[in-house]
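For reference, the structures are reproduced in the following blocks.
Each of the next two complexes has chain A plus one other chain: chain B in the first, chain C in the second.
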Partner chain A sequence: MLNNVGRPTQPMETDDNMVTVETFTGNHGLALETPLIFEQGVPGRVGVDMEEPAPVKSRLGNLARKGEIGLPDLSEPQVLRHFVRLSRQNYAIDAGFYPLGSCTMKHNPRINEKVARFSGLGDLHPLQPASTVQGALELIDSLAHWLKTITGMPAVAMSPAAGAHGELCGVMAIRAAHEAKGETRLRILVPESAHGTNPATAALCGYKVDAVPARKDGRMDLEAFAAKLGPDVAGVMLTNPNTCGLFETEVKQIADMIHEVGGYFYCDGANLNAILGRVRPGDLGVDAMHINLHKTFSTPHGGGGPGAGPVVLSEALAPFAPLPYVVQGEAGFELLETRHGLAKDSFGRMKGFHGQMGMFIRALAYMQSHGADGLRQIAEDAVLNANYVRVGLNDMLNSPFDGICMHEALFDDSTLKGTGVTTLDIAKAMIDEGYHPMTMYFPLVVHGAMLIEPTESESRETLDQFIGAMRHLLERAKSGDVAYFQGAPHFAPRRRLDETGAARNPVLRYSPSTEEEKGTAAS
Partner chain B sequence: MRYMPHTANERKEMLAKIGVGSVDDLFTDIPEEARLDGLLDLPLHQSEMAVEKNFRTLAAKNLSPGDVPSFLGAGAYQHHIPSVADHLIQRSEFLTSYTPYQPEISQGTLQALFEFQTQVALITGMEVANASMYDGATSCAEAVLMACRVTRRKKALLSGNLHPHYRDVTSTTLQYTEFETATLPARATDVEDFTSLIGPDIACVVVQNPDFFGRLQDFSALAEKCHEAGALLVVVVNEVISLGAVKSPGEMGADIVAGEGQSIGVPLSFGGPHVGLLATRQKFVRQMPGRLCGQTVDQNGKRGFVLTLSTREQHIRREKATSNICTNAGLCSLAFTIHMSLLGETGFTELAALNHSKAATLADRLEKIDGVEILNDSFFNEFTVKLPTEAATVVEKLAARRILGGVPVSRLIPEQPELANLLLVAATETCTETDMNAFAAALREVL
Partner chain C sequence: MSYRFTEDHEWVLVEGNIATIGISDYAQGQLGDVVYVELPSVGGDVSKGDELAVVESVKAASEVYSPVSGEVVEVNGELEGAPTLVNEDAMDTGWFAKIRIKDASEIEELMDETAYKSFVEGLDE
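Take a look at the complex of A and B:
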């Protein structure tokens, strides 16, 4: 989830007494700079050796490329060093606490990486004959079994490539189900606190999005919801636990109410981590739910992807699932790749080939490592950790909603009122303390929101130190040290960046002329 | 459980601090009748050693293309991945970071994305590229949606020589929107057959180069026809290495390029994750889907990078966004950038030449077999072979001899039975003389 909605940073004039020591190279000890790859290289160098092509008569027609492409030539050690230096300008869960709410930044086990690279798994071609990939199809079938058991749902569509892609799958299945009954329904109900992907997905399926307000206790307003229900409502998209970190206590009534008007219940499964082994969405009346394998099952995030978003489906929606299906036939596992037989009502194909196999392997390894006992422990420790942070801070920060939270603790910015320090400033100061900031300004229904998701991976010592650091920062903000916050971060590879300028004058690729003009090329 | 640090005693103390008696007290918001008391009906936790063994067992049930002569393509290609690329993407700082929303501590990911965007723009001959899509097929669908927004028209014409998955993903994605697609039959000649169809209602024409059957075409004339009619030309490239040898879509006048970048740095992985490429002209940038990384400066005037133009995206615009995409193919785009950096101009063009040479050599060899006909006038590293019998049966027989001898066209286009004898055959730099000989000998045997 994005955490700086509508709040682009702009560098400010600050009087923060930070002394910058200039060096000849621009490096500062272990803080090593590297120019763009295009500013390095000498024509004729190469980082890959290969055999000389056998001379052949060209079969390219008259289409041989003429002229240069403009790629720089570098040797292998130069490329290695460049990307190692770049890597060191990134924060990462392996290096420190990453309490980014709604994103489930948990430990990424390395056994998952190892098995995903096994010969016979990572190097399979998607269009090999089925007889040569029985192990791969068994693996997909096995992962499907785990996902169905965890959620208590009868079917799962494996191909969606990410959470938002899974939402698209679920909502398309809903639309296909209505159309199969000869019904045209136009509206989808989406709570105001929903992730932005929910309304964007509904729109892509041709639905009008009707926002349902939240109640004072952070749950969807059931009266407002009831008032919006009608025969033109295709379904509801509800995140549960919701984006305020709260379980929707009336989820079963919500399911009954939407079913009563002939609509379907789409559950955004972004926060599944909180309820693993404690409750099954299938027992709550859910018709479709995507599962972010890169969140709950740690596949990992990789700087923004790739992910995977399989969608579990109820009996009512299962016939419309996208192609392909893995099925068990007489000769073993098969792939059903066209609209025939079991797949005759499928709404179509969402992705090339069969889904994010690399993520399936990692997720299954993660599930097998945990087992039924470990999965339940995940939910318990994730919720325990979030509540521990909540009680550690709730005398200094205001929780907009009372009581126990699920896997993330939500605070507003009322405590900062009058200090001149904002949620954004606190986030940037957290960077100086060695943390990745929490999610900020989301959900939109809470003013200056700070959404903290510690996950089950973190030890008590880490949480104690974090709570201590947050308390220190809040004291400092209240003491009037505005300049310190507005100048933060001081110790990151970059100070605050001019995001407004970047959007006004988009420079989206390297070109030598731009660099000369700006004089920003690294020396 | 090795991944969770709390001891039973710590849990007890933490619960006391929270002010509850037991962990069950944290889950009382769940309706009582739905709460699970016992464990799910799944196996218990396993050691790392046991898990590793499970996957070895599964892997052993598959035939790895790396172990046998393999000529599979049709949108996914076996290439050598330099060790440096796979090593670097496993660096903690790349592997275990999130989307770079806090630019001060994400410059590594951001600068690499900026380099990725530049590389993609350069090889496609376009002005700008985004920070990746899920894969080539979804990128194609997004390109069509984008063309509809740019032209404010509602209909897309898809070539019958487009990869069938790209065609199906595009029509599936558009089916509930106000936009529609129409597809020509497979093996039609794109440039001639399209011309009469491009009317004032057409938003874009989608073609592929090399096309699904491996043929190369110059779409410059088609681009002109599109532009005269106010439509855009979308060019799909799913063997990206071809761009090292073949005239780029940009030079042909393409308005949007939708590509699959798997061939550079990304393992086959049974079809995913791969990396979708999307490139276009600067003037259309505000209609692009997906993340964009832009250059800027920080408070001290140092060059830095940020995600930008996010007012196009779902987290700001919600139902009015250009796309619902959020997570993309981040780490795969990094692998692409690293591999492309290793290749450079010299290596990329050499690799393309090597691929073409291998395929041309193989084509010569297969053509000598009785009853085997190469249908392509032109190709890059993949071509269509006409066999005297059904290709699917031949492929099974070859697999029994431990040779992965190409992709039968019928697997992807079952609805046109007249194509049942056609086989797609690809040869990349991984293909050796011994592999080619083994393939030719086995094909002679099974025909």
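Take a look at the complex of A and C:
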């Protein structure tokens, strides 16, 4: 096994031949431990010397805090070291390959960051008068224009804060459209392979979720779908490409069928990366679709920044879009803030301000630095990379659905049958190899699913090394080395965590007394 | 009486006009460690195929569908504090709910133990 610059790697050390050295501090070289921040406080210690504020007459009445606030007293270097140490135990796309399926963990280009830090953009406040932020409003308007162009849709709501918030926006618009016609509809159809947020969104909007089974080829079962259609169906929520990494080839037909019964077509745009510049959802009959700027348009996520989930809307749903939104008035750009004029049918407001400005800047920088041909190549390379991984592994792992995949390669765990090694064990062993694990046990329609999305960011060398590592692990699993896998991860800052214990007895809040009572003081 | 099963891996045990419902041992094995069970309210009516409960494991949250129509007369409160019962004893003390049966013929449509066993074997191939 060669690493990606062609030098032989060191033989892997296992627990058997590794000498365990306990240090006095608990640190291991550059791997530095840090106690909980609450345990580091020393009463009276401060980060910044400030004079006691002059006494003011309290207007809080009986709302004033009675007890201690319970925050630790810390110095600035203590705080800095605590969080720097924690950050060094983290895994990020900036550190390595992150093939988490359906999450599109692509590289976040530095030019995005540079533009977002321009003082004319980075130092704005959302409450500034519109006349002082014309450039920022124009930027939102430009991004909206390109999102509409890319998707072939006539309108876009920019304010939703992330994917699931975008789904909520779309389904609220669907409900508002039915209500405007004086109709009450009860059911939303959702395929079994959907992201869990789809049924959750429908349920939150008061709909009964009716699951549509998948066909043997991984697409939605059209006959079962047809059988469930009726005048009480508000809409269908379909992810395309779906979570099996497959394009829903009958998507036009699905759109026609839902429209025939007066329902609307919500498309989950989580996997837009695979079809960028190749397919316009507007041409497929979509009525609403969220766009994860943090996936497709490279804004940092997974702990690196907030999401952003603009929702493109069809003519039918556009009048119900949430407030506020940017329009071009006589005196320049302005924000429509109330239900008047154009916005008289809006279903209301979903968010305090106009959306995630920092993410808008990065997404537009990404689009403009790539151009139309570059965006198209993103989709092509993302699909190529996923198929490269699929073909690199498909003699050792079973693909539950035949043929070429889109942006992600899906495998089941049939190859592990009888080995005693599970999908979870493989994921933990991947951590030892320096990879963030793939998405596992999802979609639910595939047994022991392993969902691998490499994205277009990765070079052939990275993919070759990853495929080599996976092949090595699978061979090891088949050779009967169960103990190695059950002990994984061996080299992470923490070994296998008790996920069951954490889920059954979650301790969500630090309190010294709780720690003592339970006798589980953090170590 | 003997167990009857659905294709969604619920089991039913009938005594008189009361049906006790749980999930099969195969189902608990597939789910992995169960961490939470959401039970229906006593007194509520369910129809066959309605969502009766939700069982959450470290891998996934899954719906448990009612194999029969009727009124929920009792739920297994033990599961709230000890969801592990579903893993340890799925077919007995890990039961979910008891339902007063409205239409006994619905039971007849379900698989018996032999049929369910070969159904599960078919899934594993």
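Odds and ends about this structure:
Just so we're on the same page, the second predicted complex is superposed on the first by the 467 of 523 C-alpha atoms of A that agree within 3 Å, B and C clash if a C-alpha of one lies under 4 Å from a C-alpha of the other, contacts with A are read in each partner's own complex, and residues count from 1 in each chain.
As a convention for this text, a residue touches a chain if its C-beta (ideal position, glycine included) is under 8 Å from a C-beta of that chain, and two chains touch if they have at least 3 such contacts.
Given the structure is predicted, the values throughout are model-derived calculations rather than measurements.
When the shared chain is aligned, no partner comes close enough to touch A:141: not chain B, not chain C.
Of the two partner chains, neither chain B nor chain C is touched by A:221. Touch criterion not met for A:192: it reaches neither chain B nor chain C. In the superposed model, A:334 lies in contact with neither chain B nor chain C. Residue contacts after overlaying the shared chain place A:481 against neither chain B nor chain C.
When both complexes are overlaid on chain A, the residue A:39 reaches neither chain B nor chain C.
When the shared chain is aligned, no partner comes close enough to touch A:232: not chain B, not chain C.
More residues of chain A are touched by B (comparison of chain B with chain C). Of the two partner chains, chain B is the only one that A:108 touches; chain C does not reach it.
Of the two partner chains, chain B is the only one that A:372 touches; chain C does not reach it. Overlap of the chain B and chain C interfaces on chain A comprises residues 196, 442, 499, 503.
Those residues of chain A that touch chain C in the complex are listed here as 196, 441-442, 444, 499-500, 503-504.
Within the complex, the chain C residues that touch chain A are 33, 35-36, 56, 58-62, 83-84.
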